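This report concerns only the one structure given below.
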Amino acid sequence: MMSAGMETRSMGAVMAGIEAPVVIPSKPKHNLVSRQAKATDTVVQVGPVALGGPRFVVIAGPCSVESPEQMIATARAVKDSGATILRGGAFKPRTSPYSFQGMGEDGLTLLALAREVTGLPVVTEVMDSEDLAVVAAYADMIQIGARNVQNFSLLKKLGRVNQPILLKRGLMTTIDEFLMSAEYILAAGNPQVVLCERGIRTFETATRNTLDLSAVCVLKERTHLPVIVDPSHAVGARRFVAPLARAAMAVGADGVMVEVHCSPESALCDGDQSLCPSDFAHMMDELVVMGPSLHRAL
Amino acid sequence: MMSAGMETRSMGAVMAGIEAPVVIPSKPKHNLVSRQAKATDTVVQVGPVALGGPRFVVIAGPCSVESPEQMIATARAVKDSGATILRGGAFKPRTSPYSFQGMGEDGLTLLALAREVTGLPVVTEVMDSEDLAVVAAYADMIQIGARNVQNFSLLKKLGRVNQPILLKRGLMTTIDEFLMSAEYILAAGNPQVVLCERGIRTFETATRNTLDLSAVCVLKERTHLPVIVDPSHAVGARRFVAPLARAAMAVGADGVMVEVHCSPESALCDGDQSLCPSDFAHMMDELVVMGPSLHRAL
Amino acid sequence: MMSAGMETRSMGAVMAGIEAPVVIPSKPKHNLVSRQAKATDTVVQVGPVALGGPRFVVIAGPCSVESPEQMIATARAVKDSGATILRGGAFKPRTSPYSFQGMGEDGLTLLALAREVTGLPVVTEVMDSEDLAVVAAYADMIQIGARNVQNFSLLKKLGRVNQPILLKRGLMTTIDEFLMSAEYILAAGNPQVVLCERGIRTFETATRNTLDLSAVCVLKERTHLPVIVDPSHAVGARRFVAPLARAAMAVGADGVMVEVHCSPESALCDGDQSLCPSDFAHMMDELVVMGPSLHRAL
Amino acid sequence: MMSAGMETRSMGAVMAGIEAPVVIPSKPKHNLVSRQAKATDTVVQVGPVALGGPRFVVIAGPCSVESPEQMIATARAVKDSGATILRGGAFKPRTSPYSFQGMGEDGLTLLALAREVTGLPVVTEVMDSEDLAVVAAYADMIQIGARNVQNFSLLKKLGRVNQPILLKRGLMTTIDEFLMSAEYILAAGNPQVVLCERGIRTFETATRNTLDLSAVCVLKERTHLPVIVDPSHAVGARRFVAPLARAAMAVGADGVMVEVHCSPESALCDGDQSLCPSDFAHMMDELVVMGPSLHRAL
């Protein structure tokens, strides 16, 4: 049974919004993303979940949608442990053209199925403006990946979509540039943006990237938008995900997004950094215990 | 008068190629970009200009197309000094949504006009798959900017275009990733790719980015594709462009791309790093003198 | 009244140890710092304080020793709030030769005075092998700063000192290199080493450096040595110190070192990143509340 | 036969200079290293060789002094090909305590022997202030390695030595910090400083470090001190040394320092980046041919 407000949108309606020409108004006195423009925290509603409010939100799910069985099993597991938003990639940005590129629209239908089964709203990535209408028709929140954080044409079009956007920081994006990418979306008309720190590229190779938790402090000071953290992609090794999720809560993030797979050793993508359901349950227990000391409930 | 082979393509014909579904074949024994797959240097033909052969190619022009007067004056000046390809941006990736975003298709028509006046083939950037057909209809070589180097959807579509592609390295793209981005284009069917080193992002702030000339050596060893260098964007200050262009020639690059503006102080974009015509002429004189000692003619 | 074991050492005795020739034995099967060589956590004793055991240790004090009043007032304040080790610099590494270079041996005597008044053991930095004997005579723990992490001559001499060493990671030091620097000290005979993550240099300029909390996870996995975090130097702005100290506890560090000054606005060095006593007290309160949820007491 | 001015100095005389207290005067109006303080290029005399004048200077020799045979053979080879200063390490900074640490003073005597045989002045590294007197007694130019670029105690002592200093940039030293490290030496009384760019640490791993040739342009603009380039350590692979040495000349450096070993495959240190004598001869031929086009003779 689907929750109210989570039905799949009509693609025609979405297209109409996207295809209208995007006009960016002239520069306001203060950037729209800034605390000067809006002092109070923005709360972004993703289905029944409020992101940016008092609750610490955990988004979980597999890197890629692979099959109905994998998607349903993982969705049920993360829901049972307390995750409130489901993630899963249907269009996958891969360094090599020969790697698995995702299931495309078939993956989106499996996400919708998992949403129907669990009632969890879903977030999934769009990689290209020509796929935006179809992604928007299925997703409750649309993710822009790190490699597209300065794909300005796509950002402008997201300003025409009436859905929350999860914008991931690029590996090379300064905090100022990151905020300007969000500004593209707000300036084009969509105020529902959630920022996600997911590790930056540095000289250190012991971890996949370097998670920049100071950035959360800086972002919370400069912008009213919610800020979450993705420790899975940052660190690239599942045994470090839980401590970094705890650190994300401690530093003041509004939530985390972590990769969970019902069977990580057989994952088609990023298995090394995916938690199995029992490790995820353990991580959630730790966050639940820590929460009250930080005035955060899950 | 236009040179043969440089007429504007019919957009309908281009669209047909782009809209066909892109199928990436399975992984070959050696990546198509590698020296293992092809030992001899690839020469990419851009109108009458051969890139990757014995001649050192200089691409020059303004950052942005701004007006007929600016475009024609700059094009004539760079041609007089020996540049053989004209650059100019019509779609501009800008960090801020409130900055000048380029003239769009109007800019492309001015580029075509400058080509008609000077006979120089033109290179210009595409930022989004939905603009590809119109850019392909005007350009002799299509540029992918640093921020789109891992826009994999766009790269696949470039594999369907029958035109040379100038692929710029991203600010945080490793050499291996850069080559895999080129592999997307080759795997999708287009072997005409030119690689461009344009500076990487490091901790150093005295220059805009850090030009990585060692990368030219590594690329020339690993791939058969031509490699050029863009010192203007790397360094961000016009007084350092000529010495770095000389260094690019000395290290073994196949050419350089430099920003020249007939009136840099009034440029709408990147004026600080644009050479004026007389500085450009002086740089060209130096390269002409150095060339023979490196077995490179201009 | 001084605590037992904290009297100032005779410089003659220290010199005798330091001046003996340092002979590094041949490579053992496993590096001495590794978990393979020693599986159980090393606990380093600093006066009465155990670093690396169940208690989360807070080291606090001013960047520089400036005067008896400043030193005593700050020492009392940090002790009152629960810090158990006092920090203060007498020899200061400064980028500019014209900046305040520290009080030298006069500063060490003020540290000893603050120790006598409060009973807190003290940690202070040595910058050069020729100052090692005098620093060792006063300090309970000797700090090696980020810029000397690969001053291998100095590291070898620290192997001859019978005192704990606080080794800070360099701005450019990989985790592997950091562990090899510690290995110099252990191989030369001193097993009492505490590692300190203090931020690495990246492209991001919104914070002074980028605190690498993932490194804590990696270090705790690879080495048995205690690992602490210095958020003050990493972030360079006092308002971000408390959240990052919380994150350090959450990620599994054995303690933190923070800069506190009785009057930050008049500090001779690093005032912008120093907490005032009331902010420090507030940070300590937060850590005390969080501790039990992480099985850590202060 | 030794050239005039290259005899080994009396250690007593050197010690007297070093042991005097170093007093840094108060900040001058302009930093001593700056073009504002001194507009004309400083020429540093190393034995008979002028560094910073019209001639492009090539410093060559092995990474480490290993034996009389290796040292003499290599010194003769580099002299025959046109090198005018000989390099060789006696005190070696090594990441691991178990790696070969250099021959120490025995290595210095072999350097003096090679100088006697070839007449070439020698440059060698000092790692610690306690070794400064002995190094200064043998060397014609004293090198400070990348890891000691902010060893401020050592820098101050170099201000008391009456010998040229070769100061290498650190792997994460900004250009501003690098100049301030040189300022320590000048402020303490020694104006004979040569700066050396040797690669910075970035995310790119295809080369050992990233050679920052733009830094040469920036340094030549900001300071009157000579600037040379060390491509061997930057790139870490011998086949890329010659093209980067050419690029260093083209960009405006005053010289290069390259590693040459009479038998690279048996080198105790850095063999992979050392040129054999015939490759070095070939590199020198290329520089001789290029020189006139850049108004530089060798």
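Per-chain numbering from 1; labels A, B, C and D assigned in written order.
Convention: contacts are C-beta pairs under 8 Å (C-beta built on N, C-alpha and C of every residue); 3 or more make two chains touch, one makes a residue touch a chain.
Since this is a predicted model, take the numbers as computed values, not measurements.
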item: Any chain in contact with subunit B as well as subunit D; value: A, C
item: Taking each chain's C-alpha mean as its centre, the one farthest from subunit B; value: C
item: Relative orientation of copies subunit A and subunit C, as a Cα rotation angle in degrees, nearest 5; value: 180
item: Chain pair, C-D or B-C, that carries the greater number of C-beta contacts; value: C-D
item: Same vs different contact residues, subunit A with subunit B, by half of numbers used; value: same
item: Centre distance in Å when subunit A and subunit C are each reduced to the mean of their C-alpha atoms; value: 38
item: Averaged-CA centre spacing for the pair subunit D and subunit C, given as whole angstrom; value: 34
item: Separation of mean Cα positions, subunit C and subunit B [Å, integer]; value: 50
item: Sites on subunit D at which at least two other chains make contact; value: 172, 201-203, 205
item: Of all residues in subunit A, those that touch subunit B in their complex; value: 24, 26-27, 91, 93-98, 101, 127-131, 147-148, 150-154, 156, 170-172, 177, 180, 183-184, 187-188, 201
item: Touch list for subunit C against partner subunit A, complex; value: 172, 174-176, 200, 202-207, 210-218, 221, 234-235, 239-240, 243-244, 246-252, 286, 289-290, 292-294
item: Of subunit B, residues touching subunit C in the complex; value: 201-203, 205
